[in-house]
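Every chain is named by a letter (A, B, C and D) in the order it is written, and numbering of its residues begins at 1.
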Amino acid sequence: MTIRVGVIGTGQIGTDHATKLANAISGSAVSAVTDVNRARAEEVAAGLGGARVADDALALIRSDDVDAVLITSIAETHAAFTLACIEAGKPVLCEKPLAPTSRECEQVLAAEVAFGRRLVIVGYMRRYDPGYQSVKATLEGGTIGEPLMLHSIHRNPTVPETYTSSMTMTDSMIHEVDISRWLLGEEITAVQVIPPKRTPLAFDHLQDPQFAIFTTESGILSTVEFFANSQYGYDVRCELVGTLGTAALPNPVTASASAAGVEVHPIPPSWRVRFGQAYTAELQAWIAGLARGEAVGPSAWEGYAATKVVEAGVEAISTGQRMTIEYIEKPALYR
Amino acid sequence: MTIRVGVIGTGQIGTDHATKLANAISGSAVSAVTDVNRARAEEVAAGLGGARVADDALALIRSDDVDAVLITSIAETHAAFTLACIEAGKPVLCEKPLAPTSRECEQVLAAEVAFGRRLVIVGYMRRYDPGYQSVKATLEGGTIGEPLMLHSIHRNPTVPETYTSSMTMTDSMIHEVDISRWLLGEEITAVQVIPPKRTPLAFDHLQDPQFAIFTTESGILSTVEFFANSQYGYDVRCELVGTLGTAALPNPVTASASAAGVEVHPIPPSWRVRFGQAYTAELQAWIAGLARGEAVGPSAWEGYAATKVVEAGVEAISTGQRMTIEYIEKPALYR
Amino acid sequence: MTIRVGVIGTGQIGTDHATKLANAISGSAVSAVTDVNRARAEEVAAGLGGARVADDALALIRSDDVDAVLITSIAETHAAFTLACIEAGKPVLCEKPLAPTSRECEQVLAAEVAFGRRLVIVGYMRRYDPGYQSVKATLEGGTIGEPLMLHSIHRNPTVPETYTSSMTMTDSMIHEVDISRWLLGEEITAVQVIPPKRTPLAFDHLQDPQFAIFTTESGILSTVEFFANSQYGYDVRCELVGTLGTAALPNPVTASASAAGVEVHPIPPSWRVRFGQAYTAELQAWIAGLARGEAVGPSAWEGYAATKVVEAGVEAISTGQRMTIEYIEKPALYR
Amino acid sequence: MTIRVGVIGTGQIGTDHATKLANAISGSAVSAVTDVNRARAEEVAAGLGGARVADDALALIRSDDVDAVLITSIAETHAAFTLACIEAGKPVLCEKPLAPTSRECEQVLAAEVAFGRRLVIVGYMRRYDPGYQSVKATLEGGTIGEPLMLHSIHRNPTVPETYTSSMTMTDSMIHEVDISRWLLGEEITAVQVIPPKRTPLAFDHLQDPQFAIFTTESGILSTVEFFANSQYGYDVRCELVGTLGTAALPNPVTASASAAGVEVHPIPPSWRVRFGQAYTAELQAWIAGLARGEAVGPSAWEGYAATKVVEAGVEAISTGQRMTIEYIEKPALYR
């Protein structure tokens, strides 16, 4: 029994995901794709052996040959397409964010609660990284006691001119927001952003790097350094500090070389390399879950909470103030 | 188009592979299984959703619902079943070794050459490990110059009483034999085995640890320490020494923890954990190749060469002498 | 020509230093010691082979058999004894801080400027650690571009009940203040302290851990996590982030062990172990400098600047506000 | 009370040691130096502040202003000068080897036994390296059980044309011989040398790299890869394998840098950098011991045993055979 997935949005990440669903995931096929750029959609479909091109997202969602939907179009479309999936009663994996605004996220929550069963998964793939999973397992194993602080580093080689200061929060640190919530098991209730000295190697409009401090319900600090134009690689690490010890996520090491006076360990060049396996694992878990009739992955509530925090984070960037965050009551569906 | 695989032998590794072919590999299903222990075969089949139990290996190989065969039965059966697959014109992935004797391997080579097209793949999964691939890429990239020596460590926590001194060569160091050939691109022409001090934690009949020195055509030394009862973990590492530098395979590092005065990195507990992803990658590459009509993976020649070396290695263990190795001429099919 | 050092204060660090001056430093001897606890001073003197016990600090400073003075008494006495050394025209190594208040530091600066030549060294020993020196060398070598941020971790196993929240700044983070100034080559102009969740393993009066953000003249952020009761070891690390890359100070690694499923690296148990060699190097550099007639080590200005920052840091702790810092003009003697 | 040391031989290592004895060791001064190249001796003496130049080694040894002797002249002179020191009743630190031949070493043993008290120390400085000491402590702590194998790597960037194949054993692997004996607490009773493929980057007369297997009394294997022209750095590591685990000596890590896609750890450029502190510690231990009237450091017996092994090792190189080693009875003085 093959799950026939329809893919909305065939940009880089959509194409990556579609290719995996067609060639690297057990139990799935891509039956249809769509994109605002139809030529691009046709090119991608041709490489997937058998996928057709749907006229638009809503047509794709309603198609009989689509059992489940993957949304990888631009963030502004996520809520509308997710709502359409719920309306059609179809499982959906929406790339992060669930929506750019918490108001839209709340609409999704309301619709899914009204539908009565979980259909929506949000693509926070880092939860599928063996390193992050090991950090979580170490915490849960008790070795390091109760968590007090989490320090994260998130560095990217370069970003294009279209990348703005708000996106440091909405596109990048949103991953640390999700990981903080997932590792610490608490909601984030405040955020402060303190701008470090700017690199001259960023476009003028961009504050880069960025330093944010998130605080959870019980007072745990989650500090995040994000650097969009670090030049040297894609470097994602963290250290979780507990009352008895710490758990750390280094760069994965698989091999090294010694030559010309130095021992060298490669740093991943991009998020595609660093988290490629995590994306695969996320998709495989989703498809395997669907085969069993379950919604496996971060829920719409997780999507809402992350968006809620980054909304406050964007305000914190522009005001320079510490912003507090208040959530709607968590529906029973997500407890 | 799903490749329907028949699995011969449902012991631990057969079950692992069958489960992956059914649940984790894109493009494959398990249509039939068989085992000398029929009850075991039925139990495994039940967990694979739809696989039937064939009466015996030959019946399975000839079945119309079997497009390709996976041989994971005991080594003594490998050649016979592989020959039957060639006779049936069906692609086959034979777990290592291709056969316990080089004479049988030569029969497989002759049969495949007569058939005129490659059908046989031998399961040297380490070639699919990202660490070993990185070592090879470093060598090929030129950074470390021309290879002069390869030092390998291969340690296992414990082995059962059935494990013999010959098996240090035929079951364990055979992996380093294959990796040496693959990394160095040369055949091994001599082998010497020098017994270290024995651990008191092995059964009396077993020489453990073992130290072997393989020499290639051009004189490269490949030293291998194998330790079956190292107690502490499954620890596989190597260092390739070139004229300008070295490339090393450490234990993979994904996370660490600091507590009680020490920083701790986990060591894999078993080959299943250490090379689980390599097995998955091997199977996926095989299935994807079949879908394209190609035989992707180590060939029967690679299987023959490894068996030829370990045959000499067993003699080296029993005689204490340095044994030299001469190969049949390599058929054009494998060049 | 042996430099005869008089040691004021024979607590743990004074005894350590005196023992080194007597037994591990070339060119020095300890001629006299003194302590408010005379019995203790006599015990220490007896172990130094030839040192006499002076009646009090001022008598020691003025003694003819004392060529240079080491001050390791409590912080409150540092300024007075340092001033007495200047008055006596004798070189002095004052353990950090130069004084608990910037006002006293300014008096020392004024006295030394009036004397007209540098006599005073302040014991910021981390500058003599090979790891920190390597980070500085990497920065100066240009590989990582211009500095933008410095992240420091400073963890201690446990502290006694006498240790207060102010001391997180005045006794502990003062080391990161000095290292930040030294690495970045800029004065710190602001400090903010954000309290993380408290460990239940500290005494009730102590905010532990502590998180501070220092800002330099040009806007570089220097973040410091200090954790007095981390339980697991003495763990001091940092990462300096530049426009092109980063330089990191890990825990020094000299050996490792693998057993029972894990690879283990020891973490230093205490600052005495971690920085023992740095203290030795600091003392040797001081003594060798004196033999050449030079004052080698961090100057009184460095002592003043560090105290100035931690004074603001203590205010930042109590007010919860970001405090700015203004310095007196730097006298020509220190440029 | 300053120990006045006379230094015989002012080549690179003699100058290094003399400079340390004059400037970095507590309790010592250099009173006299001598060298076959008198001009060189005068130059070195001038830099030591107060050392005079003696006419020759024997005159130096007998001088009243020489309390102890450091022999850093060429190996062929070691035994004669050491014997002269014993005759003069003066403590002596002889750089390794004690002598190039075991016959000469036996003469030194006989003379020292006749003298009745230990005067001779041999300069196996690696025993003072914190990494090797940590490996030994791990073994003695019991964590890794009983030793079964020791694997050592010893790589050097390049050697001059004067360096011969025998010197791989007598000058280089002699360090691993000493370390094996010291770590394992057993004498080496056999040695076999197996030549790997030669690097084209060595002079024609030199077999490089070299691979040796030493066997101890109880059957422990100590394998050594030595590579004189590894090009990339001075890389000394080992792994001691016990019945329950392993203890490893990595390259010391004090700092790292990330830039241009890689994380980089420096490898020491030379033995002077790698073991500089070990040499200092060796000298300080020797001098401190002399001040207490003790001979602290590897004894003449250790010097004899190492020379005995490398003598067999040189034969093993030229014959290609496994050579066995028999020792004279160990005099009571060395037990």
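Things worth noting here:
Everything below uses one rule, namely that a contact is a pair of C-beta atoms (placed from the backbone, for glycine too) under 8 Å apart; a residue touches a chain by one contact, two chains touch by 3 or more.
Because the structure is a prediction, the values reported are computed rather than measured.
Comparing mean CA positions across the assembly, the chain most remote from chain D is A. For A-D, the equivalent interface within B-C, B-D or A-C is the one where over half of the contact pairs agree by residue number, namely B-C. One inter-chain figure worth recording: chain A and chain C are separated by 44 Å, centre to centre, where each centre is the mean of the chain's CA atoms.
Between chain C and chain D the centroid-to-centroid distance comes to 37 Å (mean Cα coordinates, whole Å). Within chain C, contacts with two or more other chains are made by residues 231-232, 244-246, 258-260, 266. The residues of chain B lying in touch with chain A in their complex are 22-28, 130-131, 134-135, 138, 143-144, 244-250, 252-260, 266, 277, 284, 288. Contact residues on chain A toward chain D in their complex (touch as defined above): 231-233, 235, 251, 258-267, 269.
For chain C in complex with chain A, the residues that touch the partner chain are 145-149, 151, 153, 192, 194-201, 209, 211, 213, 218-221, 223, 225, 227, 230-232, 239, 241, 243-246.
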